[in-house]
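Should a chain be cited, it is by its letter among A, B, C, D, E and F, assigned in written order, with residues numbered from 1 in that chain.
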Amino acid sequence: MRPSGRAPDEMRAISIETHFTKHAEGSCLIGFGDTRVLVTASVEDRIPPWLRGKGEGWVTAEYSMLPRATHTRSQREAAKGKQSGRTQEIQRLIGRSLRSVVDLKKLGENQITIDCDVLQADGGTRTAAISGAWVALRLAVNGLLASGAIKEDPIIGRVAAVSCGIFKGTPVLDLDYIEDSDADADANFVLIEGGQIAEVQATAEGATYDEEGLLRLLRLARMGTDRIFAAQADAVK
Amino acid sequence: MRPSGRAPDEMRAISIETHFTKHAEGSCLIGFGDTRVLVTASVEDRIPPWLRGKGEGWVTAEYSMLPRATHTRSQREAAKGKQSGRTQEIQRLIGRSLRSVVDLKKLGENQITIDCDVLQADGGTRTAAISGAWVALRLAVNGLLASGAIKEDPIIGRVAAVSCGIFKGTPVLDLDYIEDSDADADANFVLIEGGQIAEVQATAEGATYDEEGLLRLLRLARMGTDRIFAAQADAVK
Amino acid sequence: MRPSGRAPDEMRAISIETHFTKHAEGSCLIGFGDTRVLVTASVEDRIPPWLRGKGEGWVTAEYSMLPRATHTRSQREAAKGKQSGRTQEIQRLIGRSLRSVVDLKKLGENQITIDCDVLQADGGTRTAAISGAWVALRLAVNGLLASGAIKEDPIIGRVAAVSCGIFKGTPVLDLDYIEDSDADADANFVLIEGGQIAEVQATAEGATYDEEGLLRLLRLARMGTDRIFAAQADAVK
Amino acid sequence: MRPSGRAPDEMRAISIETHFTKHAEGSCLIGFGDTRVLVTASVEDRIPPWLRGKGEGWVTAEYSMLPRATHTRSQREAAKGKQSGRTQEIQRLIGRSLRSVVDLKKLGENQITIDCDVLQADGGTRTAAISGAWVALRLAVNGLLASGAIKEDPIIGRVAAVSCGIFKGTPVLDLDYIEDSDADADANFVLIEGGQIAEVQATAEGATYDEEGLLRLLRLARMGTDRIFAAQADAVK
Amino acid sequence: MRPSGRAPDEMRAISIETHFTKHAEGSCLIGFGDTRVLVTASVEDRIPPWLRGKGEGWVTAEYSMLPRATHTRSQREAAKGKQSGRTQEIQRLIGRSLRSVVDLKKLGENQITIDCDVLQADGGTRTAAISGAWVALRLAVNGLLASGAIKEDPIIGRVAAVSCGIFKGTPVLDLDYIEDSDADADANFVLIEGGQIAEVQATAEGATYDEEGLLRLLRLARMGTDRIFAAQADAVK
Amino acid sequence: MRPSGRAPDEMRAISIETHFTKHAEGSCLIGFGDTRVLVTASVEDRIPPWLRGKGEGWVTAEYSMLPRATHTRSQREAAKGKQSGRTQEIQRLIGRSLRSVVDLKKLGENQITIDCDVLQADGGTRTAAISGAWVALRLAVNGLLASGAIKEDPIIGRVAAVSCGIFKGTPVLDLDYIEDSDADADANFVLIEGGQIAEVQATAEGATYDEEGLLRLLRLARMGTDRIFAAQADAVK
């Protein structure tokens, strides 16, 4: 039924290649099928002005698609002179998702900036970005702990994200581009290992869904994130 | 328990003053307690370039806060030279919410732009904006029908939005600014009269919630939107 | 003779509703007929860099029209990414007008920012804005005096503004939109109670006028501002 | 009494060097004392979108100061990425002033853009710009008439501008930078040969003036513009 | 003598992985040692406005560094809202270099946009970008020929680029970051297979060099580009 | 053979008028034939943030063309809101060229900004700008030495620039606009008196050249810069 031949509750292959670039304190290339996102975590010992004197750190994120990550070339945001609403929405989401599993006090006065650059897009770029961002963050924080820059681990748990949607009437997990273009409803779930919800963004443009529909998608999302948590654990071992 | 003395499932007073400005095809000043948003609907007989030749219309929205709508003055976005990520996120949400109850084919080659300008903010500006936007849209579409510009009513149903959150451990409806600043989790629900969900945006920065928590908020949201649907019906009678 | 049926030297109804918003230190909604401008005065205990160490304060203003304040929708300046020349010209004028009645030394190291947002436009938005700005400023300064933040009243007198023009050969006072669109010449006068001139901006695109014409407009302006001074006095009583 | 030793009603030396650059259809370097402005008029056989199909032309202007035209270097507007409010105000004034002496119908569907670039500033840059702009416009229109591109002369008369102000209590003509920095009030008059007023911009920041004061400045301005009209006539002979 | 232990005329390892992304008509990941640039070629059947009606095509390029491609994180250009002078200089250079080996008439009315995104930087990013750009272009043009969209091969020859410089007094080939930071002079050569020079950019900030020095660098560059031409040939076989 | 009738190795007339503006610490109007560039040098006793505490100074440059310096009017960069890639490329080149003859340590903590504004363009604007920039810099530094602000002369030698190209098969010196538009290859040489090369920018879009061709252009450039060095010496005597 699905164009890819997958079962409704089947994730695409998850690949995580850590240390993909050498300068960043943490980095990985994460793949959800053909969607590939390069994620780096940069540690800086300065914090945003509004945090000064609080003894806390900060975790923030930026997101971008390379112009030809997509089927047809999009204009480069640096050339247009501004980031789109979509880009800003996604990078704010990534930042919030990570902060839901970080104790900013234990991070000390350090800022970690996560850069998520989509090299190739095939649906689910924001969910792959969040899932990879946790890996890059984990590696960067490991470095801070190893060097003694911070004493206690500020990372409370794992966070991962996956999209679900209703495609031709059936709830499906981890939509690829073809499904995404044609889905009746589309939701992104950011979940924390152990069962808590960090964020839900469920959108139904044209179609809508009821409470039962939303819950069915949430259950699919739990199955998907369990797969991602395992891949994350494996990657940072 | 709530700073305002409201019961957990109690909305603030809803006020809708239609025809607040004289030039727009539809307009209202909507209030959720002290939050007041001026909403106008502007009809133009042109459509975005990517819709040309499809025989369809478009509904879109813009959102802004006046600089001193808030406790302390914010910099004017026109002076800064760009709209914030928050502004863009909200105006995209308003547009999608309205389109979930509009049959764009029946709208013909018309574009309706909804402007939501927050005159005074006390929490829930985006939900008041969506709820008022439906009223302004309804009035503008009534004009198109009355003038014979379109033949069939493109509006399928009512849409309204409300925020819910967990405040000091209790799920509460329609958070005001004091509650919002201190809530553990915060969700905006966009619901359609009759029970369908158009959009859920549930965010838990720091705290998180489980499935049961999300459902409890959704049920509160239904109670709130029922109140809003009644106020909308009353306003456009 | 005038489309509104007014006599040549007749102002439109002036309405001033103070404390229109609750957060600003001073605010009012001023109406000159159907022109309605929301004005807020925001006090901040910081001053522009070039005033540091002089022991003086500053008064400045920003101006904006809501997109659908006018007959047809204008593009939002925040979305365009810049303020128009017209906007900048008007907000500079409002700031200079207010400073002509303020002793900046007595204001201490405080900055007062006046925001003038046009909710509905029907000619004379800048003159209504200046006239309302004085009211918001007066209320904000009253607060500074009451709290003891400043000792002496920095406001020297009242300032108000009105437009005059030559419409179908006759000098008329307080042009509305229909007159303004069709006037041969158009002048904005900013006058100080007691007879002094703070600013004259007389423009004749296409037509021109002689010295006698200019004086006749100035005399009309005096009649109009006397009406406004009375309304201001009443509003802040 | 004046720092320059001039009499109160004495203009600075006026110099106009026509054809200062070779590419523009009209050009001059105009000097009011040490203030020197390079003005070019560029003719294009296209018009702004909003004039299409009306059979009319358009005259518009742009203004800029070279970064080191002034005592201390200002940041280049192209590097800052936007034109200041002052720049926009001035270029709008130049355009309106020229259009007050042009019959746009006789200009045909041509646009003339006047560029005024201040090479050296010593007070009165906008008035020198307007006065020189008329010369460049006259030369460009002469070319259109000579080539037969237009049949009738669209220029109705001469326009010139001069500043006047109250310096140490005395009304003076054509303020230089030292006077301008220290004047109590400052007015720019745009006058048309024969006595009509095109534009008055009288500003009194801090100080103010009465009707009699304004008239005294207007009379000085007439003396000044008579001198400029003679220099313009001489230049285009 | 060189920090990397290389001989003065020794290139770093060259790696070219073609078809690195699946959407672009041509793509490769090129490496000069640790410098890695992702290059895509996008074919569009539209041309810039100034080429319309000439029956020619166009080849252009854009360049960017990911924020953490470097030792310390740089601000993202899309977030800053503009491309730096360095970025613009490099992307103009890449475009000119490619056009030196393309017969634009044979390309037909097609535009090929080359995007060069630096994933990891270690000196020589612009020379790797140019060398990889030729590969992506070759692959994209092969597709146009295979599909019959164009009849004749518009690519005249191979183009490649390499940097040379004077490091601690010795002319060296293909500077890495450590050498580049400390070189007395630095030149980028864009050469065409067969011996012609497409572009030389030799800069000596602080130090300078004489004619003989320039020639010595040019000879090193020939050695380097011979290596690159071989790698290009191999990659597109 | 050349449109101007010049011999292949013949420069256009060089004119340098020093002290063209009165405010700048150094200034000149330089002409290479009909190309005329106004250059000013502004001294400020502050340095860029990244130089603080090093006891060094800085020399930087900005470049602009007046909108009607060219055959047809170009849009003003300040109005467009950004500097073109070409502008940025040129101003970076001017800055590097000057720094190649300045000992920044001897300059002390002073910044000299060179502004090059092209009043009239006829080919070679960047080379005239560099050649004139040295004159303005020399005059500004003379002032610093005369006032005792610095003790030792930081200027090591003279720097000048000239373009050469291959026009209808013949290498020619100092291309004017007609030649430049039609040249097969085009190179800008920045040379230091005494024989050293500061910068070479040789571009061959469409055509290319071999080593011998490059050397022939370099020899022409030496002849040209010798003429310019003499004119510079004469100007600052």
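Methods note: a residue touches a chain if its C-beta (ideal position, glycine included) is under 8 Å from a C-beta of that chain, and two chains touch if they have at least 3 such contacts.
In this text, all values refer to a predicted model and were calculated from it rather than measured experimentally.
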Touching both chain E and chain F (chains): none
For chain C and chain F, the touch-path distance in steps comes out at 2
Relative to chain E, which chain has the most distant C-alpha mean position? C
Most widely separated chain from chain D, with each centre as the mean of CA atoms: A
Taking each chain's centre as the mean of its CA atoms, how far is chain A from chain E in angstrom? 33
Taking each chain's centre as the mean of its CA atoms, chain C sits from chain D at a distance in Å of 28
Per the C-alpha means, the centres of chain C and chain E lie apart by a whole-Å value of 59
Rounded to the nearest Å, the gap separating the Cα centres of chain A and chain C is 50
Contacts with two or more other chains occur in chain C at residues 81-83
So that we know how the chains sit together, what is the shape of their touch graph: line, ring, star, complete or other? ring
Taking the contact definition as given, in what order do you meet the chains if you travel the ring from chain A through chain B? A, B, C, D, F, E
Residue numbers of chain B touching chain C in their complex, please. 20-24, 27, 34, 38, 40, 42, 44, 62, 64, 66-73, 76-83, 87, 113, 115, 117, 119-121
Tell me, which parts of chain D touch chain C in their complex? 82-86, 88-89, 91-92, 96, 99-100, 187, 192, 195-206, 208-211, 213-215, 218
